[in-house]
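In the two assemblies presented below, subunit A is common to both, partnered first by subunit B and then by subunit C.
Coming up: the complex of A and B.
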């Protein structure tokens, strides 16, 4: 069974986000990127499934900044193959990215396609669902647990309030993963470096998406932070004293 | 049909989700001469439309639609959207809606704008980057699908009832590849954070499980309960019953102290109606400060123990 895991890089929100001079995009010059955290969960779930049932985990990503490193990291964690889809995909919409990915993944004989349920940049929709529709495969999103038996998977999909729905789906199927059953494994940088030497990063030329998001950004702006909040500053002791007063007044 | 606005109703266990009313209210504003059409799927669920403020309800009844199923619901909704060609379709950005919205986009070739918190004409505002940026999109034509974040619009405007309910046919739903098995209720037996008037809520800023006593001490001192953001639960440091937010519980305590929580939209959804919100976060740009009444940008490991001392 091939378990395909599309991953992507997104801006690290720990960094300060600034708007560029066009007023329509982030200033990306100094932006730090990291793998979408939900893609990390998808990869973890894929590795857990492989460990339990065998099969091959194939991490795949569209060409872009720092993507080689992300793919090597996936290899270091245990992905059997890492594939970069080459082409000029800078700034590509999710819909177009899904179409390009579908073109490549469709030829990989997928059993399961696991990817993050969402990312912080999904302006035009979530990759998992878009991808499923371009592949013509069934899908379930917001998945927190996957069990494979025979040609079927049993998945848990989370609703609000801690409620979970259980579905059974026949493979191949695309799953938007919210959380793996285990905390995504960590690999030290040394192991990633090792993977860079020992792993072949496959390159497959991607096609022309032929679709776009169908919309364009007219404006980017920061929400008012602290709009309503009264900010309390001073030494820890001062702040604590003021907070204590506020809290007592509310109780 | 040119100006009609479709609203995809959402329900679970015989109860309509408030976001449906929120979207109906917004749709009325957007319809400009067209009709607000609520789309309701289910089995023997027609009665759920009783309170919909819509011009019309399209109701599809099928045993395959008795419980939400991404495949059956996706197919049915795409067939209705194709047949009726509404100008816009509003879908909730919820666990169900996330499956549906992108499906309409591809199957009916309509632009999708996700994480929507504002819609005006063919401009849709989205909350991106964990709530750190707002992005306004202009849709190329005037048809679009918007995935709407719950809590973005008032629900009252979408309530009223009196809509004509029209039965619509289900498409062929035989041979579904996804089957609904069962609903699993959340485990009980833990403190019920929805009942606690005081919540100290901890996020990833706490760094490790070993540091939890720092915030537990504050909860204990205040006689409140300890709740958390999702990553703390995913890491299994606290049980699922403590999670506040979209996929956790909605809470409305008198006092909510968010410690080391950034304020991602999925978290905000669960706590923004708290009477008093205090946020402690070292990042002055953290979105939580847009919702807090009082904010502190000091290190939690300094402030929280000091606060315990002062109480």
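Coming up: the complex of A and C.
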């Protein structure tokens, strides 16, 4: 069974973020990148499944800032193959990324595709859905914990309000992972360094997506401070009435 | 009358031959046991301890002759051990002289040329009699001590419940060792007494005062009859003891000299590097052949004196670690895994629950034999290594085993996050490296950037002093004092990374090496002569570990530098702080690791405070519980945190209201301990720099 894990690098929020001169993107010159937290969980889940059921874990990523580092780290953790899809994919949308990735993953005989359900810089949280669409595979997203038995997977999906649903799907399937069963493992620096020396980072030329996102960024800005807050007090009915009044006045 | 005594008094030849045959068989058995041990140590990897052999030989000889490592902090046990040791040595040499005299001198030069006659015989008799008394009194003192059940001799394990382990073998060995020696000593006197009595109480035997006195108890005929029986009882016990030596705790008589001789003076202070080969295969220990021969020797050298057991802050706070049990478990593991099970007659078996490894997967040394929780409990305070009278380097083995855990990622999430932070940002706080020097912004002056202009002192600030909001105030005070005293200093700003002392002690060697490389690259960029730091952890690694990587600079702790300026008259105090009644906590990495106990005390004296020592101070200080990465791990399971125990220790001193520290981690740990134990109205924690600032 091949378990494909698409990963990506996202800006590190520990650093102070600046908006660039276009006003539509971050100033990326000084940005530091780290692997998307949810992708890290997807990789962990993939490694746990491999340890329990065998198979091969293939980490795959579109070319981008600091992506080699992330792929080597995945190899150090136990990914059997690491693949960089080359091409100019800076600022690519999820829809386009999904199409390019699907073009490569389709040829890898996937049994499971596990990817992070979302990332800090993605606009729609739809990467798993879109991947499934382009691969023509079933999908479940916002998944916590994956169990494989025979040709089926059983997964749990979280809903709002503390509801959890259990799904069963036949493989191959695409899963958007919210959290792995265990905290993503620590990989010692020596192992990463060793992976950098000994791992073959495969490069596959990616296609032209030919699609764009349905949405576009019109302005990026830091949260703006409002002009103070008004505390509403009184009974529930009074507060509700007051709120309705305010909302009406703003519409 | 001829002044001498007859060896094998009145024995027929066949009896003498029987004794020689038994003697040779005993020696063969002894040598075989010794060989088994040697074979075991040969299995270990190189430990790099064959430098300066002559120096090592004499240093260990001095330690052995004086028994100073046994005497340290235990006058009673030290005195008793000294008496037994010298009693044994003198009696042994006496026996060798008798053997040489009888079997060589007499055979070669004739009976008339024997050494043991006349004046020499008399002095010989007196000497042996006196040391025999010391020997027996020492043994009785030790028996009495065992009977009084001191805590260090309690075999109770902190990590297992009663019934999950069996230490009856050790207890038997402890008893056998003392009683065998005692029986040998006492029967020796009785042979002497019986011989003197049977010989008709010769006048010159007053030179054997004990034997001569005891001889009066026996009539001449009775003595003549009894003598061969008691002689043989003594002889059998002596031969039995010789046979017992290499298979029991008696082996410490030989091994522990070797262990002291091969001890690394920098043990624990400078941890062993991991070879490139090992880094590739995965750092840490997985099988017995991974241990160095010195570690294998360490495990066998333990006499179970329990000094490490009672000194250990983990054990004292209910964590599942006793350095003694760790060493003994590793001994059992070493013997079991190389099929040397009988190298100890009175050993322990594996604790219940440990996989024996027959047929199934062999137990992992880091994880099964020594549990991960046990290894992670260590605060690397080095109290065990410092307390050990026989040169065992517990900490080296602990870190080597931790390296295995780190390689497999077996650690608490919080620790994992911290390591990831240090890897990503160079600091344990997970903040941007660009924020490292943010604490300087509130200063009324600008600190030089050592990368841009030459300075005399490079101040290596360290993580806690830079990032911890509770410590930053202290850091600014240090900067203010340095500035005021006209010290030419600078910092590395964002180029400084965590120095890696605790990263290395966690067992993340690759990350440590990366930090060393980064810091050394920053040193290269800067121009300075010496390094100063307020952090004892940083101080230790820069002083003891960086030189192995090529960064050799004089390193000072700020207390040392301030003390030097005090001596030179450059630091003067305008006020006496006599209204403070203070005690001072020696940071492990300053006092115990690096012997710097004087400078802070001299400063306190100059400050004019009323100073009181805690029960444990100097090299014997008690850890705050933060070291070796513990500060990033969960301590909620501890019965009583070491820091709280330490505050209570300070409060034992009547009226002490200030707890002085000289370490950023101590500052946070003890402030927290004072608050959480509800002692805020009784005692306050201050960094020594606060007093300096107040008095200057």
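To be clear about the criterion, the second predicted complex is superposed on the first by the 220 of 251 C-alpha atoms of A that agree within 3 Å, B and C clash if a C-alpha of one lies under 4 Å from a C-alpha of the other, contacts with A are read in each partner's own complex, and residues count from 1 in each chain.
The rule is simple: contacts are C-beta pairs under 8 Å (C-beta built on N, C-alpha and C of every residue); 3 or more make two chains touch, one makes a residue touch a chain.
This is a predicted model, so every value here is computed, not measured.
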Contacts of A:250 with subunit B and subunit C, given as first, second, both or neither: first
Partner chain in contact with A:108 - subunit B first, subunit C second, else both or neither: neither
First (subunit B), second (subunit C), both or neither touched by A:201: neither
Subunit A residues touched by each partner, larger count belonging to subunit B or subunit C: B
Touched partner set for A:213, first subunit B, second subunit C, both or neither: first
First, second, both or neither for A:16, with subunit B first and subunit C second: both
Partner chain(s) touched by A:163 [first = subunit B, second = subunit C, both, neither]: first
Contacts of A:154 with subunit B and subunit C, given as first, second, both or neither: first
Subunit A residues contacted in one complex by subunit B, in the other by subunit C: 14, 16, 183
Contact set on subunit A toward subunit C in their complex: 12, 14-16, 32, 34, 183, 185-194
Subunit C - residues contacting subunit A, complex: 274, 279-280, 282-283, 406-407, 409, 411, 413, 416, 419-420, 423-425, 430-432, 434, 508-511, 513-514
Footprint of subunit B on subunit A - complex, ascending: 11, 13-14, 16-17, 19, 26, 41, 95, 117-118, 120-126, 129-130, 133-134, 138-142, 154, 156-170, 173, 176, 178-179, 183, 213-233, 236-237, 239-241, 243-244, 246-248, 250-251
Residues of subunit B defined as touching subunit A within the complex: 12, 67-71, 94-96, 98-99, 101-103, 105-107, 110-115, 123-124, 126-141, 144, 147, 176-187, 198, 222, 234-236, 240-241, 243, 246-250, 254-255, 257, 262, 275-276, 278-279, 283-287, 289-299, 302-303, 306-307, 309-311
